[in-house]
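Here the chain labels run A, B, C and D in written order, and each chain numbers its own residues starting at 1.
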Amino acid sequence: MTVRLLYFAWVREMVGAEAEQLPLAEPLPLGELVARLRARSEGHARALAEPARLRAAVNQDFAGWDALVRPGDEVALFPPVTGG
Amino acid sequence: MTVRLLYFAWVREMVGAEAEQLPLAEPLPLGELVARLRARSEGHARALAEPARLRAAVNQDFAGWDALVRPGDEVALFPPVTGG
Amino acid sequence: MFEAEVRRAPFDVAAAHARLSALGPGVGAVVLFTGQVRDEPLFLEHYPGMAERQMAARIAEARARWPLLGALAIHRFGALDVGELIVLVGTASAHRAAAFESAAFLMDWLKTSAPFWKRGRAGWVEARASDDAAARRWLPSKGEG
Amino acid sequence: MFEAEVRRAPFDVAAAHARLSALGPGVGAVVLFTGQVRDEPLFLEHYPGMAERQMAARIAEARARWPLLGALAIHRFGALDVGELIVLVGTASAHRAAAFESAAFLMDWLKTSAPFWKRGRAGWVEARASDDAAARRWLPSKGEG
């Protein structure tokens, strides 16, 4: 099983990808998932270094770092939104 | 010298006129002017019986009953406004 | 562009919006309010001269109070059918808070100070205490309560 | 009519107003807010799917909170020039207070919960603390302060 990852704005630019897959066998808190992602590349490490500068959504709803991510979920990481 | 009087909405209908003149030689508080007007006709008496139900303008600005009306002024008497 | 207009004929909402929107590269927010005839046909009487004067005075007050790039108020009179627009208030500013607040301010004060009177099937419409309360919340001494 | 739409192409303000205004004889007040590009061209990135979902959720919240006859939110993405409209929020109600408040509520929450990101000449626009504060004032526990 995997988790679908999406990145937006400068997170996308630093990671160098707009979408990727992460293998996931069982539920994991979002904060730990992000810690795992940091190990993927220097870009990931830089983009995800400061969780306070990031926001996250699980299955298209905002989620906190302690939210449980399950295999099959869609997880998005991005800066605070600036539309409107 | 005179004062130009204007009436609107149900005040106009009760008085039976939309405009009239009142002779005025010297400044007079608006409340006293209204008291004088009540003597003009039964319609005037009925329309102007309860100042609390009326609003007034002197020269197109809202005015209280103690405002001084001067010869040459335009005085309007009407119900509270209901536009918008 | 700061304007008050009293008219019998219908007005053009799109044109009002376009004028406010085109007031320069500093415009970031436009708010339009329109009021329309609800439930039954109305006749609107007004005090020519004073109506324009009071509307212009409210616009001047809004302009002194918020950083506006433009404000517009249009009020109709005469016989109006259900669904017809009676009044339009529009504001333009750099940011949304000023545009929203000044438009609400203008409507609250037009409701209590612009000399218009509505007559419906049952006679002249009574003024509502809630309209006085809405206007009073903008008085500096009372705050926003 | 309760709708949220995300699109690249320009939208029609007059059509949005006309739709809200025509929602029946009970409509007495329509408020339209439009936000437009100020000062310099922008590029707007968004999260397809979540954007529509969040906008629809805010409209459902507004509908639960105010007696609305309709509400509309449209947000554009892509490259936008100075003066181009980015976002429209419209509400229709019997009375002006509900229309004004719900439109301000929708904008405050779209600003902080709709997944759009602006990029200007100097890079990605930073989120503003004032936008978070504007949204928080609608939380029931905090009141209107």
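Operating definition for what follows: a contact is a pair of C-beta atoms (placed from the backbone, for glycine too) under 8 Å apart; a residue touches a chain by one contact, two chains touch by 3 or more.
Since we're looking at a predicted model, the values are computed, not measured.
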| item | value |
| --- | --- |
| Separation of mean Cα positions, subunit B and subunit A [Å, integer] | 72 |
| Approximate Å spacing (C-alpha centroids) for the pair subunit B, subunit C | 26 |
| Interchain centroid distance [CA atoms averaged], subunit A/subunit C, Å | 47 |
| Shared-contact residues (touching 2 or more other chains) in subunit D | 35, 96, 107 |
| Shared interface positions of subunit B, touching two or more other chains | 84 |
| Pairwise touch network: line, ring, star, complete, or other | line |
| Which chain pairs touch, all of them | A-D, B-C, C-D |
| Residues on subunit A engaged by subunit D in the complex (per definition of touch) | 6, 8-10, 57, 60-62, 76, 78-84 |
| Footprint of subunit D on subunit C - complex, ascending | 13-14, 17-18, 21-22, 25-39, 82-83, 85, 94, 96-97, 99-100, 103-104, 107, 134, 144 |
| Subunit C residues within the subunit B interface of the complex | 35, 44-47, 49-50, 53-54, 75, 86-87, 107, 110-119, 123-127, 131 |
